[in-house]
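Look for subunit A in each of the two complexes below; its partner is subunit B in the first and subunit C in the second.
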Partner chain A sequence: MGIGKKPSEALLTPVVPCEDEASLQEDMLEGYTNPGWLSPQPPAGIVVPRNTRRIADDPLQLSTDHYLLNVGPQHPSTHGALRVILEMDGERIMSGEAHVGQLHRGIEKLAEHRRYHQLATLVDRADYVSGITVETAAALATEQLAEIEVPPRAQWLRCLMAEVNRIASHYMWIGPMGLDSGAMGIFLYMQKDRELFIDVLEEMTGQRLMFNYVRPGRVTGDLTPRAEKLLRDYLKIGIERMEEHWDSLFESELFQIRTKGIGVLSADDALNYGATGHVLRASGIDFDVRRDRPYDAYDQFDFDVMTRTGGDVFDRVTCRFDEIRQSLRIIEQCLDGMPPGDIKAKMPKVLRVPEGEACGIVESARGEVGIHLYSDGSDKPVRMRYRPPTLYSLGIAEILLPNMMFADAIVGMGSFDFCFGEVDR
Partner chain B sequence: MNPATLTECIATALDTTGVTDSWDYQIDADDNLGVVMRLPAAQVMLVLDALRKDSDLQFVQLIDLFGADIRDLIEVTYRLRSLRHNVDLIIKCELPYDGDYQSVGHVFASALLPERELCEMYGLTLHGHSNPKRLLTIEGMPPFLRKSTAIRTKEEIWG
Partner chain C sequence: MNVWLQALLWMLFVVTIMMVSGASIIYMLRKVLAAAHLRIGPNTLGPAGILQLVPDVIKLLTKEDRHPNFSDKGLYCLAPIIIFVPMLTAFAFIPFGPTMVAANVNMGVMMILAFLTLVPLGVFAAGWASHNKYALIGAVRSVGAAITFEIPLLLSVLPPIMLAGSMNLSEIVLAQANGFWFVIPALPSAVIFLICAQMETNQAPFDMTEAESELVAGFSTEYSAMRFGFIFLAEFAGNFVMAALAVTLFFGGWTLPGIDPHSMGIFAPMVLIIKSYIIIFLFMMVRGNFSRYRVDKMAALGWKRLIPFTLIWVLVFAIGLRAVQTLFGAGA
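What follows is the complex of A and B.
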């Protein structure tokens, strides 16, 4: 089957033919005295591809004894260290409960024994896939407390590196989403593209994963010519490559069958369960911290906030895929308009901040990260709170699991992009 | 929405609920956090419910819930967000050590998981919760985020 082309009809074996479903139901029910079952209709606004409806209830009284199924913590599809206990009826999930804590390292407690410029090292270990953004949150909170003015060039560099890191993180997620839904190739292509952005991060920060780049009042490195060349080279081919990725994964009918109409999250539930980031935007709520609470230099860039209305897995994935394009736009504007000047504010060697509280919120790759600091006037925070966006997504996953098929649950949980470093901290 | 207007709106919203006449809260405007509201723990759920249902303010999201050990007391912080006005509100209440924490999970479902973490990390007892288990650690571990629980780092031993 060629990439982007429609598969032949024979490949799509119907589970239940949709068109004459009513007559089929009558056939199946003939002779049985249980006419009360009804197949739940797909929610309004969701277009389910033809011939993909599953048998939704129990027409022939085939339900079995429920059993418990343990998934994880080392199952590859759990993207980290998630353990889920599922109550199953055959292949259908009746209820699910997440067990977390395998990666708990007490980062919030350790932060109470670190100086303010050392917080970046710790929060890197919390969200180990998009470290720059969470470092920025820690730096913002400290700067609010200490009333530090950050030089414009440092602010622009933070935005540039945050977007580079966001793209690397999104690629790291969309590839395995393909694996979860049965597409092998896209993972390799995504890793190839991600490697370039990791190279840029390595060139700028000296590290490939734990960057330790954004500090209170400054960043640790200026834009190097090689990093700029790498980014400019990618910007030339970037949009074309995005089109290829789009065709090879999202245009595939098989991927659409696996993701459309699966794991539908309504806007009310998204708000009620504290969703942020792509989970909120895919359910139709238009909120992005970068635009609505601009920090650093984000008020000077021209970019769009991507939203969808369906709230299913497909919308969550495509919503984030479009964010990559917006990140590329921001990177281009950063490179074109980078202001000259210093990248460091004047700072004492040991930072002592006045007593008080401050909260720095940023749009991380997974949603809103907030670092809340309590200070008592010493050189160390009294309390650091890291708001993990995917902890709240985990609550959403628990309510979406019931009545899903097991294979759909793997795709559904993947669409939240859990990062257990930050759920457990 | 500036802090003064928000303060007025909150006062109006709480007065018109009719749940109780004896609201006992104080509101300050903090430079870093915005509007901070302090109230006794017994009234938290009523206030959260009233602010959520208020047709003008529409604090529809509980963004964050966490505790802090402020010596002799546990301070619990709720961060609410109104998308309509694009404003955040911080609500704080205080509980004694080993106190009872009443879940707000049926007002804001986003509180369900952080509440479990809060109660295990500060040694509080969780009431009114649908799944009142520990979240991150196993049974028998001390309440880690209390100041009285020591970790053995070089910094702590040598100052």
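What follows is the complex of A and C.
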């Protein structure tokens, strides 16, 4: 049984939607390679939400009565406020539906009542694990609208802090991936490393979580000697520490058994479902906003974009783990080559931007974050749209769930690094 | 001495040993895992946090004892007892010294394993009666794991029995004291026994029955207050029973090599307890660092690897042992 893989055509019942749905699905699935996925015919006596993808009973296997299992939002491994309803046959998942919105705070609507320099505070609360990167997206969009030139030192500081935050966020995710698979130690080892990066962020911004650091045209603080010392100290031991992490988690055969070949996402699906970040790169698509559409000072750094070809959970985790090494490289280059100068552009106290629209696109820790602002010439945006990368990953998780074992589903869903602050906004 | 008084004293002895070992293993687990994880662990109450268990027990005793709606109340209340009592009884058969064994029966090995086999029944009853899907999944997993791992566990205790020529645990210990530790000729059995012991006591990497990241708390999800306390205590007591059994069968029990077993006196139980704690330490390090098996992979490990391997190994061992005995005389 190919667990975690798409079932072969023979296992699937034919698509039997009603006429309107058929044409709708044809439109939706144009270019999608495997429309045989959709099979909205639940067994009698069980209420499964319509339009979820489900697999048919395997005639060769013993199947039992199906039951519904409600996972979350209080479940320990849903990483926030995810609720998934699973239709199960024993330990095997027949179909699954993710419910979002438990953490909705109306951030996009609130943005319509905030001035431009206040947007950073809001988007911090959206992606609360890697705040610097999303603040940068908001600042970039505002700067495009107002045509502000950011001083080079501020740009370099943004890159430095974004990478520090990216590493903190990656550690915050890979550790709990170990917990999802049952390994407790690695979580605490990585928390210990993350603590250092959070200390740096605290030193530079005064905050440990909601940094409010990147503002339109400027950053709020210059590089302090203590932060630089902390980072340089870590750069000396960092690679060695990462080798230890690698040995204790990825070299473990039990972790490999639990993650290799699980939740395989093909490159086609990754593109069609709008995956970005490590999900895309682990499936073999070589794309990173930092390299391919550089913003701030990223065109001046020398770093590699990490890709994998398997698209399974193991590849997603290791792909990101290697990204930490690249982030350390960028941090080193930042510290060595930081240009002198001011960290603030000359700006009016109340920023009024011209009419128009602009989109700031960054590579956040979880993928491609875009913040689209629409301005009517006043001091507040008319509309803000936040593109959360993990909302799209959630759609992918839904198509991967059928035919997984329950234990794999926990690890599989964890591998997308959902951050429900940004999914629900 | 009055036979009833004697029985009462032995009962007190067994209960005390179980409570003390359960409590000390909980403290040890906290400290060992903390050290393995670069944490501090309990450090506030008493020297080095040694009294941490007191408020824990007070908390368990004073919490509300709640039945979930629609649960099978009789079975729900009975299940922790079905889990706890066999664990307690198993202690009676472990020899702590030359005369310190509560029940010195000729079928000691079988009795311990028979009582431990009852534990999955209690686990299943707990999961079934809880009226909770997570608990039920955990309970079903526990039964699957039990039927997978009981067979290699039973097969792996055969070589020491063959070597000692007896199922009486005291005699197995004395046979090792007069000769060599049985781990030397029967190393594969010792390894398989330790693997199965981890399964038997629901320890990672085989803790599928209570896999917290998947099943919240598995079969004990709905339990609270002292009922949960009993399940919790039984788990740690089971740890000690399996470790002590491993020590007794393979690592010389309460004896030390080169020391006359009858001059051990009061040190005999100490030796057994220290040896057991070394085994438990091994379990804890595994528990602290490794990922959890998936339930079907674990079944594959049991049925496709361990059972065939132990069957062949027991056969090879028996033939080899008989050959050695024939060639070098029955004393070998």
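By our rule, the second predicted complex is superposed on the first by the 364 of 425 C-alpha atoms of A that agree within 3 Å, B and C clash if a C-alpha of one lies under 4 Å from a C-alpha of the other, contacts with A are read in each partner's own complex, and residues count from 1 in each chain.
One rule holds for everything that comes next: contacts are C-beta pairs under 8 Å (C-beta built on N, C-alpha and C of every residue); 3 or more make two chains touch, one makes a residue touch a chain.
In this text, all values refer to a predicted model and were calculated from it rather than measured experimentally.
Undergrad: With both complexes superposed on chain A, which partner does A:Arg325 reach: first (subunit B), second (subunit C), both or neither?
TA: Touch partners of A:Arg325: none, neither subunit B nor subunit C.
Undergrad: Applying the document's definition of touch, where does A:Arg387 land relative to subunit B and subunit C: first, second, both, or neither?
TA: The first partner, subunit B, only.
Undergrad: One more residue to check, A:Arg241. First (subunit B), second (subunit C), both or neither?
TA: A:Arg241: touches no partner chain.
Undergrad: Looking at A:Gly274, would you say it contacts subunit B, subunit C, both, or neither? Reply first, second, both or neither.
TA: first
Undergrad: So, does A:His104 touch the first partner subunit B, the second partner subunit C, both, or neither?
TA: first
Undergrad: Name the chain, either subunit B or subunit C, that contacts more residues of subunit A.
TA: Touching more residues of subunit A than the other partner does is B.
Undergrad: Thinking of the overlay built on chain A, is A:His66 touched by subunit B (first), by subunit C (second), by both, or by neither?
TA: neither
Undergrad: Looking at subunit A, which of its residues have contacts with both subunit B and subunit C?
TA: Common interface on subunit A, subunit B vs subunit C: nothing in common.
Undergrad: Looking at the complex, which residues from subunit A come into contact with subunit B?
TA: Touch list, subunit A to subunit B: 97, 100-101, 104, 106, 108-110, 113-114, 144-145, 269, 271-274, 276, 285, 287, 292-293, 356-359, 368, 370, 372, 374, 382-383, 385, 387, 391-392, 394-395, 399, 424-425.
Undergrad: For the complex, give me every residue of subunit A touching subunit C.
TA: Those residues of subunit A that touch subunit C are 67, 69, 75-77, 91, 178-186, 188-189, 192, 248, 252, 254-255, 257-258, 405-408, 410.
Undergrad: In the complex formed with subunit A, which residues of subunit B make contact?
TA: Residue positions touching the partner: 30-33, 60-64, 66, 68-70, 77, 79, 83, 86, 108-110, 112-114, 117, 131, 135-138, 144-145, 149, 151, 153, 155-156.
Undergrad: So in the complex, the part of subunit C that touches subunit A is made up of which residues?
TA: By the definition above, subunit C touches subunit A via 33, 36-39, 133-134, 137, 204-205, 207-208, 211-214, 216, 287-297.
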